[in-house]
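One chain, subunit A, appears in both complexes that follow, with subunit B as partner in the first and subunit C in the second.
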Partner chain A sequence: MSKKIKGRTAEILKAPRSRRKFLTQSAAATGGLAGILATGIAPAFAQQRELKVLVNSHFVPSSDEELLRQMKEFGKAEGVKVRLDRVAHLQLPAVLAGEIQGQKGHDVVVMRNADANLYSKHLVSLDGLYEKIGKAGGGWTNNDFGKGRDGKQKAIPWFFISFPIAIRTDLVSEIGENMPDTWDDVLRIGTKLKKKGHPVGIQLSHGADSNWILRGLLWSYGAKLVEKDSKTVAVNSKETVEAFKYIKALYNDAMESEVLAWDDRNNNVCLASGKCSMILNPVSAYRSAVRDNALIQGTQRPVHQVINHIMPPKGPAGRHMAASHQGVGIWKFSKNVEVGKKFLDYHFQADNADKHLHASAGYNQPLLKTHALHPLYASNAKYYFAPFIGWYTHAIGWPGVPTAASATIYDQYLLPDAAAAAATGKATPEEAVKKLEKQMKRLYGRFK
Partner chain B sequence: MSSNEMTAMTTSSGELLAENKVPFWRLRKAFANYVALIPYLAFALFPFYIIFITSLKSKQEINNLGESPFWATGIAVENFTYLATNTSFFEHWMVNTLIVTTVSTIISVTVGILAAYALARLKFRGVELFGVAVFITYLVPQTLLFLPLIDVVNAIDDYIPIRDTYWSLILTYPTFLIPFVTWLLMGYFRTIPVEVEECAYLDGCSRLGALFRVVLPMAIPGIICAILFSYTLSWNEFLYSLVFIQDEHAKTLSVGVFTELIRGDIYFWGSLMAACLLGTLPIVILYGFLMDYYTSGLTQGAIK
Partner chain C sequence: MVTATEVGGAATSPPLTFRSRLRRSVGPDTDGYFFVLPTVIIVFCLIIYPFGLAVWYSVSNAFIGEETHFIGLENFQYIIFEDDIFMLTVRNTLLFAAISVVVKVVLGLLCAMLLLRILKLRRFLRGAMLLPFVAPTALTTLAWWLILDPTYSHINWLFEHAWPFSLFDMGPYNFLGEPTLALSSVIFVNIWRGLPFFIITILAGLVSIPDHLYEAADIDGASTMDKFWKITLPLLRPVLAVIILFSTIFTLADFNIVYVLTRGGPMNETHLFATYSFTAGVLNHEIGLGAAIALFLFPIMVLTVIFLLRLVRRDSEYEL
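Moving on to the complex of A and B:
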């Protein structure tokens, strides 16, 4: 007795067939089957659920390894496959743009600086999770980061990468000075040390470091790029002019012209080689000097032994510094939104967050208050600055929140270009500030 | 006649030597030619030299700004060891790149030959326009093309899983290779006399028969030139590989090296140079074997 066929299959079988349609469908089926056999991967509808996470390659490889370990642990408990993908940080925008264009890709994605605002409409709201994690972690140290344009939390703050001064303590002792505490100290000590062949190394170029440090310097002088409303351009002020005058003096007296052409690694090399007396940089410069066992020129002494980190300098308006902030968001087009939320909830649990911080060797500075005074930072004198630097650290866009407009100003290196023009005398500080204001107003106008 | 020449001619054993002796003016000319080449060679080979030297340096030596960047004080293999032990350079990236490059080159050159022959030989309405259109397609930059191509790859991926596999590259690389190959071979096919083909027709060949038995053997230098170019373009491609593949094991060389060896503001400079050196070797070997075809293909295709 023949088995009765019901449902969609019956409909398909009953439907009249033209020869062309039959051939088309046969070709598609053959092609599909061939594709599946060739690639060795089952079609999407037949696959097990898979949680895909995208991050940028971490400076400390063990940080990525720990994240993957946690993902696997989570996947095993939840019965989902997991995959961690990494791209170089400079290529991340291209990959994110591609995923948005195709509305397909990863589920959980890293959101840096103003990305959550820029991609706001493509990200799910994480308000509930943000509150839950924050409450469990004693609150967030920065409540501006990760906000979408609609005011909702579109990324869970993950960690920040701070910019202390990495300084050669031996050289400062040799000239009978104490560690610099203000920007004026940096200029005075830097001038003396440059004469001894050890200049200060702060990029005035198209590099992320330059963007961060110059923002911090401006804020320390009481200047700001935008008002607290994150919309009104406020760069043209006497404070900014004063800050630019300081940059000019620092460039002429304490630095060398090579800083105009540096990328983000050059200041690390300058310090590790024993040439630079001080730079402003995350602990990566110190850590790589340890890893490479870099020696002071002409000696067998490892340079890392005489490097220490101290707080970024104070200015007339106090101590302020910018930092790279990293968060994690979930795409709206993800088919695993709930699984993604569950994973983030799992990853931010105290024990897991602690392990992740440990694995990064302290590079991932926490934005949760309970982790700010982590024992790891007390284990090495080089990290004593770490628990406190968050008090003075802001995301781009400060005193407002990071926005798409502030990210554009950042991406186009408008501030480093203006500072370099003032430093090299191509423009007076007043002219450089005016030009910067004009450029900023034009770009902010686009986002109104 | 000089006394030297007279002496050479009078001795029986020296007779042959005198006849084969290269004239001084020729030696002087050769010397001048080679001397003139030195600046060009220095300019062209300097990057490879720096890559080679840096790949042999230890981390300490690379960091030491007091050392000359142009010499290595010793030979350190640590950069190559790091590639082999801490990355998927040999295990996956090199293999993936070889597969993608070879298959997309075969597809592109095959389709390109047929398209170029049609555009060079067949007479149909709009043939010139079509030829120009092919060229214009090649001029559209990849940075614009990758966004619509994502939609295409995603649409296919819904039925056949090609994203995050090298199949997505095998499918998309021909979009920039075929127009290039077609344009290159169009020029080359036009240099082959039609009369040769007509003789083949008289001898009973069909059009396809004439193409395969007469035209293609005559176009070997041009085809090899097209293969070399396609191979190089595919080998060096970065953007599509970055956007379509994030799976660690499916990456190609260009993206894999970038992901693993540049981490924030830390560049694994020695290993990067080692990867660059090893990554260029297959292309260098290929060019080494096929250089003669390559140059004749370029020059013959250049004029009609």
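Moving on to the complex of A and C:
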């Protein structure tokens, strides 16, 4: 303790205090504090607007850095403090749940998939802003995303994250095969490459990737979780059973059991380290390999040179893949709703949106039509798939729209669990599908 | 003349102050109640209120962000009769707690007796032994997660490349991806973390056993095993009962280890009450269901505590 503080403390202790005076002062201080806590409003001298934004940590960190830079720029111009908080994507549901239960937290929050529908009651309507941004950007590529249960726009579509096949072209050439175009090709090539120590890597676990890829696979087989009305559970079909039989074959012949314990990091590591022959993943796996300059084992050749991206595989019902659709919404309980809207307006201006896309190295695929054919994707042959993958890409809930029930099915990893049960033989494909239907009906029943 | 009022005195006596009335009703020492008031408030706010809320949630259809309605025992009915993950959770929790505690007691006893005999580096070894216990659980579990990583487990690497393991063609093992191995892994990490607590406490118990008992046993010709079974163990039983009590409570309610290592996977095969309750209630949004799952732990805990406390009480009634 410094001498000055020591002296002051002694002075305070020595000063004569009557009990009444002490109690009066304590009561005043407690009352003041209670007032601040009860109203949630700081005294005038301490009030300063602060815009708090919550996103999930980006797989390409420079994307978040650019977002923060824009926030600071905006804050400086508007005279508001800004704060960007990032949480691991698998922890995001817990954080959002906490904020809703407490009616306290951030102002602007990332809304993924069908979250805007799930948390509809707690988000402000952004209809005006949605129209304004959409008009300036040539319209939206998906008009169903971000809708609340009242039909209003509760989240501004931000970007989508697609799932092409990231593949080791050298390994495929070594076995004299062409690039896979169908799920059957994936199985055939994967089986051959697994024997050479290079399995296919598709998570059958509680990871987001698992949720996307398995939906895409089911859709390619003509199966669907729900009807177009977004209400009728339609998972129990012979198409789903066929898809599950395929997963079982792929798991046994072309993959290793480690996929049951993978999170969304493991497949990236598996490809970049040279072990996996192919994974279905956004460009982040490739970007990580570039960043780390990982070498093919026993050579001096960087692995990223032999990784390429190709379209997700076709099935009997065509080429379909799910994608993570990201949006941004503003909580109703926020005290900075107007500032939040202003910031979103600023962030979605063409110039800023462009910088954000560049910072993500193309990972953030635009949902605005003017950005869909962005020159960035022509700058690297490994991104050639990007402008076209949107044609085959759907949000969760397809062929219906993203709903609260579809968000719950997604968050509970019901599909990955069912697929894993069928793959490992814990249940037959038919049993796994039947159980999945039962679980889905319970949850869809809740939102009727 | 003396009036009746003056004789009786009751009519003229001044009215009782609040403090006097309070003293009459609760006894002379009223200050004690004021002193415990903060504790009562804290207990109410942090234990009784949340517990009451959990009970309410468990009989409701509470869902994150939605209106809540009373639904009776539907949640309990669902988890008991329809939810097979819950049954796995019950099995896992009981296995996890039983194996962990038994292994910790046995290894704790062995290590403590060894440490008692070690004279050189005694302080260093006792300090080092505590490291797993004092290091933050999340951090150490994260280290174990990397060691047991499904793709690049350090242990598998050792089995493959390091002599003498490389001679035996062991592995690779899918420590976190194969249900039995995954459950074994979380039990192992729990033992690794909790063992120091047992060692240090048992060591303290061993130190407090008077030497003259062993000297007398030596004179009577008792063997080492006789001394262990007839002196060491009986005198350690109160200490053992207390640490078993604490450890059982902590192990039954463990969350960090399972959540960091497996998040309840693969295929929900390693969930414990705490992780499954959190998953169902928070991550899956069904707070009502999560609360019902968590409440199942309560009777198990109460029964365990009653059983162990009885054991403690019985064992503390020994005479030297």
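Everything that follows uses one rule, which is that the second predicted complex is superposed on the first by the 404 of 448 C-alpha atoms of A that agree within 3 Å, B and C clash if a C-alpha of one lies under 4 Å from a C-alpha of the other, contacts with A are read in each partner's own complex, and residues count from 1 in each chain.
Throughout what follows, a contact is a pair of C-beta atoms (placed from the backbone, for glycine too) under 8 Å apart; a residue touches a chain by one contact, two chains touch by 3 or more.
Keep in mind the model is a prediction, meaning the values are calculated, not measured.
Residue contacts after overlaying the shared chain place A:K104 against subunit B, while subunit C stays out of touching range. By the touch criterion defined above, A:L260 lies against subunit C but remains apart from subunit B after alignment on the C-alpha atoms of chain A. Contacts of A:R83 after superposition on the shared chain: subunit B is touched, whereas subunit C is not. Legend: residue contacts after superposition of the two complexes on their common chain; A:A94 is shown touching both subunit B and subunit C. Contacts of A:Q412 after superposition on the shared chain: subunit C is touched, whereas subunit B is not.
Comparing subunit B with subunit C, the partner in contact with more residues of subunit A is B. With both structures placed on the common chain, the touch criterion links A:S284 to subunit B but leaves subunit C unconnected.
Residue contacts after overlaying the shared chain place A:A381 against neither subunit B nor subunit C.
When the shared chain is aligned, subunit B and subunit C each come close enough to touch A:V269. Taken together, the two structures place residues 90, 94, 97-98, 101, 269-270, 273, 275 of subunit A in contact with subunit B in one case and with subunit C in the other. Subunit B makes touch with subunit A in their complex at residues 59-60, 62-66, 146-147, 150-151, 153-154, 157-163, 165, 167, 239, 242-244, 246-248, 255, 258-260, 262-267.
Taken together, the subunit A residues at the contact with subunit B in this complex read 28, 31-32, 35-36, 38-39, 41-44, 47, 54, 56-59, 61, 83, 85-91, 94-95, 97-98, 101-104, 106, 161, 208-209, 264-265, 268-270, 272-275, 281-282, 284-285, 288-289, 291-295, 297-298. Residues 90, 93-94, 96-98, 100-101, 118-119, 121-122, 205-206, 256-263, 266, 269-270, 273, 275, 408, 411-412, 417, 420-421, 424, 426, 446 of subunit A are the ones that touch subunit C when the two sit in their complex.
Touching subunit A in their complex are the following residues of subunit C: 61, 63-66, 149-152, 174, 176-178, 182, 262-268, 278, 282-285.
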